[in-house]
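Paired with subunit B in one complex and with subunit C in the other, subunit A is shared by the two complexes that follow.
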Partner chain A sequence: MAMKKSFKGLFYTPYILWLAMFVIAPVALIIYYSFFDIHHQFTFSNYRVFFESGTYLTMTANSVLYAFLITVISILISYPMALVISRLKHRDLWILLVILPTWINLLLKAYAFIGLLSRDGLVNNLFEFFGIPAQQMLFTDASFILVAAYIQIPFMILPIYNSMTDISDSYIRASSDLGATKWQTLTKIIIPMTMPGIKSGIQIVFIPSLSLFMLSRLIGGNKIITLGTAVEEHFLTTMNWGMGSTIGVVLIISMVVVMLFTNTKRKGRRS
Partner chain B sequence: MDNRASKLGKFYIIFVFLLMYMPIFYLIIYSFSKGTTMANFDGFTLSHYGELFADKRMLAIFLDTILIALLSSLFSTIIGTMGAIAVHNTKRRHQRETLLSLNSILLVSPDVIIGASFLIFFTALKLPLGFWSVLLSHIAFEIPIVLLMVLPRLDEMSPSLINAAMDLGATSTQILSKITLPFIQPGIIAGFFMAITYSLDDFAVTFFVTGNGFTTLSVEIYSRARQGISLEINALAGIMFIFSLVLVGIYYLIENHNLSSGRKLDRVEVPDR
Partner chain C sequence: MSKTIVELKDVYKTYDDGFTALKDISFKLNQGEFYTLLGPSGCGKTTILQSIAGFTEVTSGEVLFDGKRINDIPANKRQLNTVFQDYALFPNMNVFENVAFGLVVHDIKKDEVEQRVHDALKMVQLEKYANREISELSGGQQQRIAIARAIVNRPKVLLLDEPLSALDAKLRKDMQYELRELQQQLGITFLFVTHDQEEALAMSDEIFVMNKGEILQKGDPVDIYDEPINHFVADFIGESNIIPGKMVADFQVAFLGHQFECSDAGMRPNEPVEVVIRPEDLVITTPEKGKLQVKVDTQLFRGDYYEILAYDEQGNEWLIHSTNATKDNSIVGLTFGPNDMHIMRYNESEAKFNSRLESYED
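The block that comes next holds the complex of A and B.
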């Protein structure tokens, strides 16, 4: 029996070690660092600066607003996508087409938009074709939101699609047998039943959208418009790790809030 | 009610698919352009691919990226599988839930937080930034996904299999190597594969912990893209697109194999960035 115990311990050790070193320690360190200023003195001033100076609060509000817009746009585009695909004959094949772009490196997709949105890029050419004067599109907030939504859409479609394929056909048939219109079936049956999918989609999309610093750098220009950009700026450019950690702690807290709002008790699907 | 998608619906998804794929094909088409920008297509050439293959620095970065991906996936698969067995063996439900929520922290945290906290961690340990810090970070953020791919397989395994083996006098090692591992092997392979794609796809974490000397493809693309357009990156995109297609192909072959070996798969795995 003792032998068996040590054998089991063998499995625990590396994993627990990993949990302690790479999950718990880093989070603890980031919280710890948020109480130190640039001269390694213990202080609350990072938090004071964060909550008293308008710039950080505005930036947080902006960041949340952008993430919200990105999430809403992706839901609006993804929900009908998931709905239609879940009813196609070869839906597995179609959903594969949704997944494929997620396997393409994110940076390459962002880079593509630098070309597409540039002054003489394809989008402006199309605009001119329809008689709209060419616009400066790169390095605007709107282009940042659209490109971010573009990148997030597959991650929104997949959980919604999964929850749609979970709905048994008999519910849909029952609802139409009882005289519901297609619209009623959609709003009364399908949407409520796919709520868990929408929620996990929001979780997957909203949190990263708060921190997409490479996109805001490449597409949004050099302005610091998201919490993620601010963290990157403080850690890698101004080397003020204390302030960076403070913003990081704010990010972690917003993440926890989003998780609490969107957590549905999902039971393992295995029977 | 007919269960088919309407004409309008089909039109809609075709439209969205076109939008989804347009940037990717736009990149690849211009990789064959004679010009220097992504504005006017000036005739067909393979010169950008020539440039890319002649670029020794790019080749070294490519090999480093692959090396990091393979090594980190190997280690994370080993540790993740052990973790899955550990979680599976927990007796108390409450303990299992705690382990699983700790496991998912790295999966849901924003990349910048993982990157920044690992940077602090490595600096506190006085570990120099470079190959090793990148490798350790990749192993660290790949472990939870491997665990999530292996654990369902373990939970599916009937306890009577183990009991029977024990009754027949098998040792713990024999049970592990003859019963458990073969049974969960499909999950392990899928986990290894997901780990590779996580590694290849990562930008933010690597960007934080890479220091000056060492670069991966994502970081290199980022720093080049910040300087503007160079059609060599387009050529790289072309190659990486083919590469992704091959990876997807292999992955689905494995999944289909799993499917035919009795596992019912009706969930789509969501690769993360």
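The block that comes next holds the complex of A and C.
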């Protein structure tokens, strides 16, 4: 028995060490730093500034709004796509194609979009070919959101696709056997049964979308200030690590909130 | 003669990979009767149900419901329901919601939904379980809920795909009675699939015996048991001794070097045939009185009878059911009457078999 216990401990040790070094320690450090001002004095002022100055709150609201839009758009695109792919013959191949872009560096993809969306980029050339005047597309909210959604789609599709392929065919058959139309089967059977996939998709996409600083710089053209850009600014430019950490803590808390929100087990049913 | 509700006419089904799962399937189902599709695993039973329910398109032939061709009507518009092999109860809904599903998708009013769900649950004796989650039900209960869900729409035909195969032997027996009773109470047509011949014999008005995508024989349980069309059916339905022989003349068959009087006719003189004798029709006597002599090899006590395995001089195996035990390694005689033998021709079609039987019976 004793031997069994120590044996078990042996297996857990690397995992616990890893957790301690790469999860607990960094979070603790961020919380610790958030209580120091720029002169290394202990203070609560970072939090006061965050919640009293309108700038940070607007920034938070902006970030949440952008992240929300990015998440919604990627769900709206990913869900039907996952649905179609899960019904295809070579579905594994197709899902691989969807995931392929994640192997390309984010910076590279961002520059590719700059090439596509710039004043004399491919998209504007196409527009002109069809007689539509060239548009300013780069450095707009819309392009930022669309590009961000594009980047996040693979991360949204994968969990949804997995939960779809887990649904046995006989549920779909049972539904239509009982007289449900395709639409009723989708809304009453497929969507509820893929909810876990949608929820993990939201968890994976929403939080990183709160702090997409590279994209907001390159595609959003610095006009879009999110919590991510603010963190970068504080750590690299103003060297106000305390304030940067405070924003970090806010991000971590919002992550926990999203997790709790998307983990609700269904208990109360039917009004 | 009651009304035909479902009919299959010359149905073939070839899957995308070129495999032909159904070959020339034709049958009629009358209103209010209990039919069983019986055959070994992979013979195409589920495929037949699916082509009636509308989950698979037949390659050729016609599927008729109430006299109308339904080949191109989608599953959700067909007025019949299915109890699935794996039950397929929706895990995201509780018992009530599962049973109510078929009504809710048809926009039935709430009061009526509640009444009809209650009635359906009562039919399967689970009215107290409405608020349970599916995961909180035993296998037998899930099976009943699947039936309740399927009958709530009041279909004219219920298709049941091996609904009892996941249950233990005792529960299975109970459910056989219950299902049969339910079918008679509802007065709807059941098309029941099983690979268990005992189940088929016990429950059905009519059995369709299948093998390799074909229906070999249709008939009521007694006919199929007493007069199997060929070796496969005789072997598959119940236990049997099948011996090659020769039809000397009408009502005269020869096997194992002896000639016997039998009750079959209509073959060519000296046509090679197979003779079926059921183990329970063989009676053990002294070697002198027996029509055949066999040497007892082993015997097993089966509760209500002894199952005795014996060999004749030519090495053929004989299975005998007897209420009394015999001695191992003893030589015993076997007797049987003309009616205990059933003679089968090689490769006789069902139509020819039936007309031959009609020509000399009664």
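Note that the second predicted complex is superposed on the first by the 242 of 271 C-alpha atoms of A that agree within 3 Å, B and C clash if a C-alpha of one lies under 4 Å from a C-alpha of the other, contacts with A are read in each partner's own complex, and residues count from 1 in each chain.
Definition applied: contacts are C-beta pairs under 8 Å (C-beta built on N, C-alpha and C of every residue); 3 or more make two chains touch, one makes a residue touch a chain.
Just so it is clear, the model here is predicted, and its values are computed rather than measured.
Asks: For the combined arrangement obtained by superposing on subunit A, do subunit B and subunit C clash, or do they fit?
Replies: Pair status: fit.
Asks: Regarding the shared-chain residue A:80, is it in contact with subunit B (first), subunit C (second), both, or neither?
Replies: A:80: touches subunit B, not subunit C.
Asks: Thinking of the overlay built on chain A, is A:90 touched by subunit B (first), by subunit C (second), by both, or by neither?
Replies: In the superposition, A:90 touches no partner, neither subunit B nor subunit C.
Asks: From the CA centre of subunit A, what is the angle out to the CA centres of subunit B and subunit C, nearest 10°?
Replies: Once the two structures are overlaid, it is 80 degrees.
Asks: Applying the document's definition of touch, where does A:189 land relative to subunit B and subunit C: first, second, both, or neither?
Replies: The second partner, subunit C, only.
Asks: Quick check for you: in the superposed arrangement, does A:168 touch first (subunit B), second (subunit C), both or neither?
Replies: In the superposition, A:168 contacts subunit C only.
Asks: Using the touch criterion from the header, give the chain among subunit B and subunit C with more contacted residues in subunit A.
Replies: For subunit A, the partner with the higher number of touched residues is B.
Asks: So in the superposed three-chain picture, is A:176 touching just subunit B, just subunit C, both, or none of them (first/second/both/neither)?
Replies: both
Asks: Tell me the contact category for A:99 with respect to subunit B and subunit C: first, second, both or neither.
Replies: The answer is first: A:99 touches subunit B but not subunit C.
Asks: Give, as a whole number of angstrom, the minimum Cα separation of subunit B and subunit C in the superposed three-chain arrangement.
Replies: Closest C-alpha pair between subunit B and subunit C: 5 Å.
Asks: Jot down the residues of subunit A that show up as touching in both complexes, subunit B in one and subunit C in the other.
Replies: In the superposed arrangement, which is not itself an observed complex, subunit A uses residues 173, 176, 269-270 for both subunit B and subunit C.
Asks: Could you pull out which subunit A residues touch subunit B in their complex?
Replies: Those residues of subunit A that touch subunit B are 3-4, 7-8, 10-12, 14-16, 18-19, 21-27, 29-30, 33, 77, 80-81, 83-85, 87-88, 94-116, 118, 120-122, 150-151, 153-155, 158-159, 161-162, 165, 169, 172-173, 176, 182, 185, 203-204, 207-208, 210-211, 213-214, 217-218, 228, 231-232, 235-236, 241, 244-245, 248, 251-252, 255, 259, 268-270.
Asks: Spell out the residues on subunit C that touch subunit A in their complex, using ranges where they run on.
Replies: 53-55, 74-77, 81-82, 84-86, 88-92, 94, 97, 101-102, 104-106, 149-150, 153
Asks: Quick one: in the complex, what on subunit A touches subunit C?
Replies: Checking each residue of subunit A against subunit C gives 168, 170-171, 173-181, 184, 188-189, 192-193, 195, 269-270.
Asks: In the complex formed with subunit A, which residues of subunit B make contact?
Replies: Residues 1, 3-5, 9-10, 12-13, 16-17, 19-24, 26-27, 30, 37-40, 78-80, 82-83, 85-86, 89, 99, 102-103, 105-106, 108-121, 124, 136, 140-141, 143, 147, 152, 155-156, 172-173, 197, 200-201, 203-204, 207-208, 217-218, 221-222, 225-226, 228-229, 233, 236-237, 240-241, 244-245, 247-248, 252, 266-268, 270-273 of subunit B touch subunit A in their complex.
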